[in-house]
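Listed next: structures, encoded as structure tokens.
What follows is subunit A paired twice: with subunit B in the first complex and subunit C in the second.
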Partner chain A sequence: MDGYTVGVLTNIGLFSFLALSAYVLLVAGELSFGQQAFFGVGAYTAGVATAMFGWPLAAATAAAMALGGLAALLVGLSTLRLRGLYFAMATLAAAEMARILFELLRWQREVNGERVGPDGAQGFRGIRWVFEHGMEAGGFLALIYGVLSVLVTALLVLERSRLGATLRAVGLDPEQAAAVGIDIHRIKLGVVSAAGAVAALGGALYAHHNTYVEPRNFDIMLGVHALAYALVGGLGTALGPLLGVALDVGVLEGSQVFAGYRMIVFGGVVALLLVVRPRGLLDEQIVNALTRRGWGLR
Partner chain B sequence: MLADLAQNTLDGLGAGASYAVLALGFTLVFGVLRLANLAYGPAIMLGAYAATWVSLHAPVPLLALAAITVAGSVAAGAYVERVCFAPHRRARAGSGPAGAAAMAAMVASFAVWMQLEEAATLALPRHLYAFPPLTTGPPLSLGPLALRMETPIGLGVAAAVCAALWWMLYRARFGLAVRAVIERPAAAGLSGIDVSRVSAAAFAVASSVGGVGGFLVAATHGQVTPHLGMWTTLKGMLAMMIGGLGSLPGAVAGGMVLGVLESHSQWYLGPQARDLTAYLLLFALLAWRSRGLARRG
Partner chain C sequence: MGSAVNHVRPWLAATALAALVAPPAHAQRADASLACRATATAHVYDCVLTLSRGGKPLQGAGVVVGVDMPSMPLAHSVAPVTATPGAAPGEYHFRLALEMHGEWAVKLRLSGPVRDQLILHYDFDGTRASPVRR
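Right, the complex of A and B next:
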């Protein structure tokens, strides 16, 4: 593989985490404009841990996920009572606050005679763990897809479990779900935290791929892209969001056929597609039809 | 000290006037659709870009530029309505998972936002263009205070737009139909109102109000950038949420509160704190009061 292909595939993998994070919330019936904040929390946490304190990548990523999940839980606790649009707006406000806090965050320390750490709006340079440990771009790509396939497998198994059915019930009709004895608030808090942790996981890997992050990487554009990926790919299976990312980053950006017009093409495709398929390409109906007939999974 | 406080309040009211106009348009769209139209600002940005493009090629009076901004916003807004919201209105009337069509419509409006932004940058590729300023003279001095002429003009325009909207909604026959669609779309349809036409017309009115707000912003700042789209959506939405959803006086109050608050926090705490304060206020209002300052009947 040449460097360009590796780069495109890496980006597909990294954005898939964010799309999956938006996806689990959509399945549970919540629209969040703020998942990019937890992606950012993950990026900054993992960067601080490896670059400033010399943690190994695995420990740094675990810390990033814990902090991302915790941050999401805190936002969820104060906003989950809100319904629909109010929740979406509250997540947007929280995410923009997080972005501004990244801009205000200045915390550096001397590492090997060099000052490393977040430098406000100038960003955070020198997150070089991957290169310092002799990992090639191809190796990191394999790592990203390894982690991603574990996550997707876990989600696919979860979707076929009782908990998965509960989640969909909450997403499709919360009142009825409550009426059959599901504790909606607890389920949603769990989903919000898990989605935060998934986004943070992606952010941790993103920071180590780029070696440099800055606050405006995590603006609302990123969050709404994640939503669009999840919704275009489809809400029927965890493979949907991956398809959404692959269509935009892989086909439209990667092929460079529409250079200069990519946003116009992707925007038009998304808007028209959602008219025909409001729950995406791989929606529940398609997934049900496929799993029942062909694959013998039932 | 006291003079600073008064001066900041005055400047904040000036900025708040354009926020109020933007929030009025956003509120009308929100009332009819019950959805946030993310492409609201980008459509206005396209109108402002059309005016900028004309002003680069010919010397045109300010009023003509305002008209072009409004016309451009209405045209782009009509495209947004056709592509993002009209198709999903039918879907929402039918069965299907609750909220699915609403989510699809909102994400579609984001997709069209990207289109509009790229169209604007293709037409005028530089990062920043000058926009003819609203006034050129020095500010008026009122004792220790300086009154920028934009402030009274903005407040006057905001008052006029609010009065016109009020008249349209509560005195005109068309407004009766709009209010019926806002209250009970199904019942409005049964009583012979063409819901989809009334919605489209209300959307056009909202886009033209937004265009007026966009012109005020562009002419006050004296520049346009592609970020104007996102900026406009955020300010309009923020002011609407602060004022409580779906209320015209609330939208005006929300715009003023936002303007004054930003002006003070910028003065005392710096530009980053200004935005932080605005979002913190929105978050706190949502989390603790969940309805904004004004409650609706």
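Right, the complex of A and C next:
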């Protein structure tokens, strides 16, 4: 595999975590413009753990997921009483607060004669775990897709379960779900926290792929794209967001046909799809039809 | 499907092993500076990279150059290019074809005497690239 293909596949894989994070919230009926904040929390946490304190990548990633989930839970506790657009705006505000916090974060220590750690707007350099452990780009790509496969499989299993059905009921008609005794607030808090952990997982891998992160990496554009990928790919199955990412980063960007105009093309695709297929390409109807024919997308 | 799994399995096994047991091999750090000027083709730049280590020119390094936009990470997939050694010690040449003007993070993946990844932030305009100061 050449370097370009590895790069495109790596970008698709890493973006998929963020898109899946937005997807689980959409399934639960919530629109978040702020998942990039938890991606950032994961990136900084895992970077601090490996680069400053020499943790193994697996432990650093687990810590990143825990902190990402906790941060999302705290945001959820203060915003989930809001509905629809108000919740979306609150998540955007929280994400911008997080980005500004990253800009204020200065915490460095000396490691092997070099100052390492977050340095405000200058970013956080020296997240070299991958290089120091002799991992090649292809090996890291395999790691990304290995972790992504586990996550997608877990989501597909969840969607077939009673909890998955409950989640969709909450997302489609919360009043009716509450009427049959489902604790909407508790379910949504759990979803918000899990979505934060998923985004943080992607962020941890991103930081180690890039070796460097900075606050601007986690601005609104990243969150908007993640949301768009979930909406374009479809809300009928966890494979939907992956399709959305693959369409934009893989087909539109990877083919280089539209060059610098690709963002405009993708924006048009999103607008068109929101009109003709508001729940995306792989929506519940398509997935149910394919499942009946034995495709088993859910 | 089975062959695909078999193809990926060694990678996964090697990766998992590296994640669990491999001791860190602390890289000796390299320094880099970059000079780029625009070519006649829009968004295409000819660049000269100067690498050093411990104040001495770093020769014989393999250099693969990639770029990413800091404000839109993961969204641009510019094909990485391999730099070729120049006439002067520590100098490497490469041509970058970007998608647009603006600030780009130039990623230098080094192999050979130094194994590392360096990130340089440069603002590419219609004539040249200037280092970004914040």
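Simple rule for what comes next: the second predicted complex is superposed on the first by the 294 of 298 C-alpha atoms of A that agree within 3 Å, B and C clash if a C-alpha of one lies under 4 Å from a C-alpha of the other, contacts with A are read in each partner's own complex, and residues count from 1 in each chain.
By our rule, contacts are C-beta pairs under 8 Å (C-beta built on N, C-alpha and C of every residue); 3 or more make two chains touch, one makes a residue touch a chain.
Bear in mind the structure is a predicted one, so any value in this text is a computation, not a measurement.
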{"item": "Which of subunit B and subunit C A:Gln122 touches, first, second, both or neither", "value": "second"}
{"item": "Which superposed partner A:Leu172 touches (first subunit B, second subunit C, both, neither)", "value": "first"}
{"item": "Partner chain(s) touched by A:Val180 [first = subunit B, second = subunit C, both, neither]", "value": "neither"}
{"item": "Subunit B versus subunit C as contact partner of A:His133, first or second or both or neither", "value": "second"}
{"item": "Partner chain in contact with A:Ala271 - subunit B first, subunit C second, else both or neither", "value": "first"}
{"item": "Which superposed partner A:Arg81 touches (first subunit B, second subunit C, both, neither)", "value": "first"}
{"item": "First, second, both or neither for A:Gly260, with subunit B first and subunit C second", "value": "both"}
{"item": "Common interface positions of subunit A, toward subunit B and toward subunit C", "value": "221, 260, 262-263"}
{"item": "Subunit C residues touching subunit A - in the complex, by the definition given at the top", "value": "8, 11-12, 14-15, 18-20, 22, 24-27, 29, 43, 64, 66, 68, 70-77, 79-80, 99-100, 105, 107, 109, 115-117, 119, 134"}
{"item": "Of subunit A, residues touching subunit B in the complex", "value": "26, 29, 31, 78-79, 81-82, 84-86, 88-90, 93-94, 96-97, 100-101, 103-104, 171-173, 220-221, 224, 227-228, 231, 260-264, 266-272, 274-275, 278-279"}
{"item": "Subunit B residues within the subunit A interface of the complex", "value": "35-36, 38, 83-84, 87-88, 91, 96-108, 110-115, 117-119, 122, 230, 237, 241, 272, 275-276, 279-280, 282-283, 286-287, 290"}
{"item": "For the subunit A and subunit C complex, residues of the former touching the latter", "value": "3-4, 7-8, 11, 14-15, 54, 56-58, 112, 114, 121-122, 125, 128-129, 131-135, 137-143, 145-146, 206, 210-212, 214, 216-217, 219, 221-222, 225, 248-249, 253-254, 259-260, 262-263"}
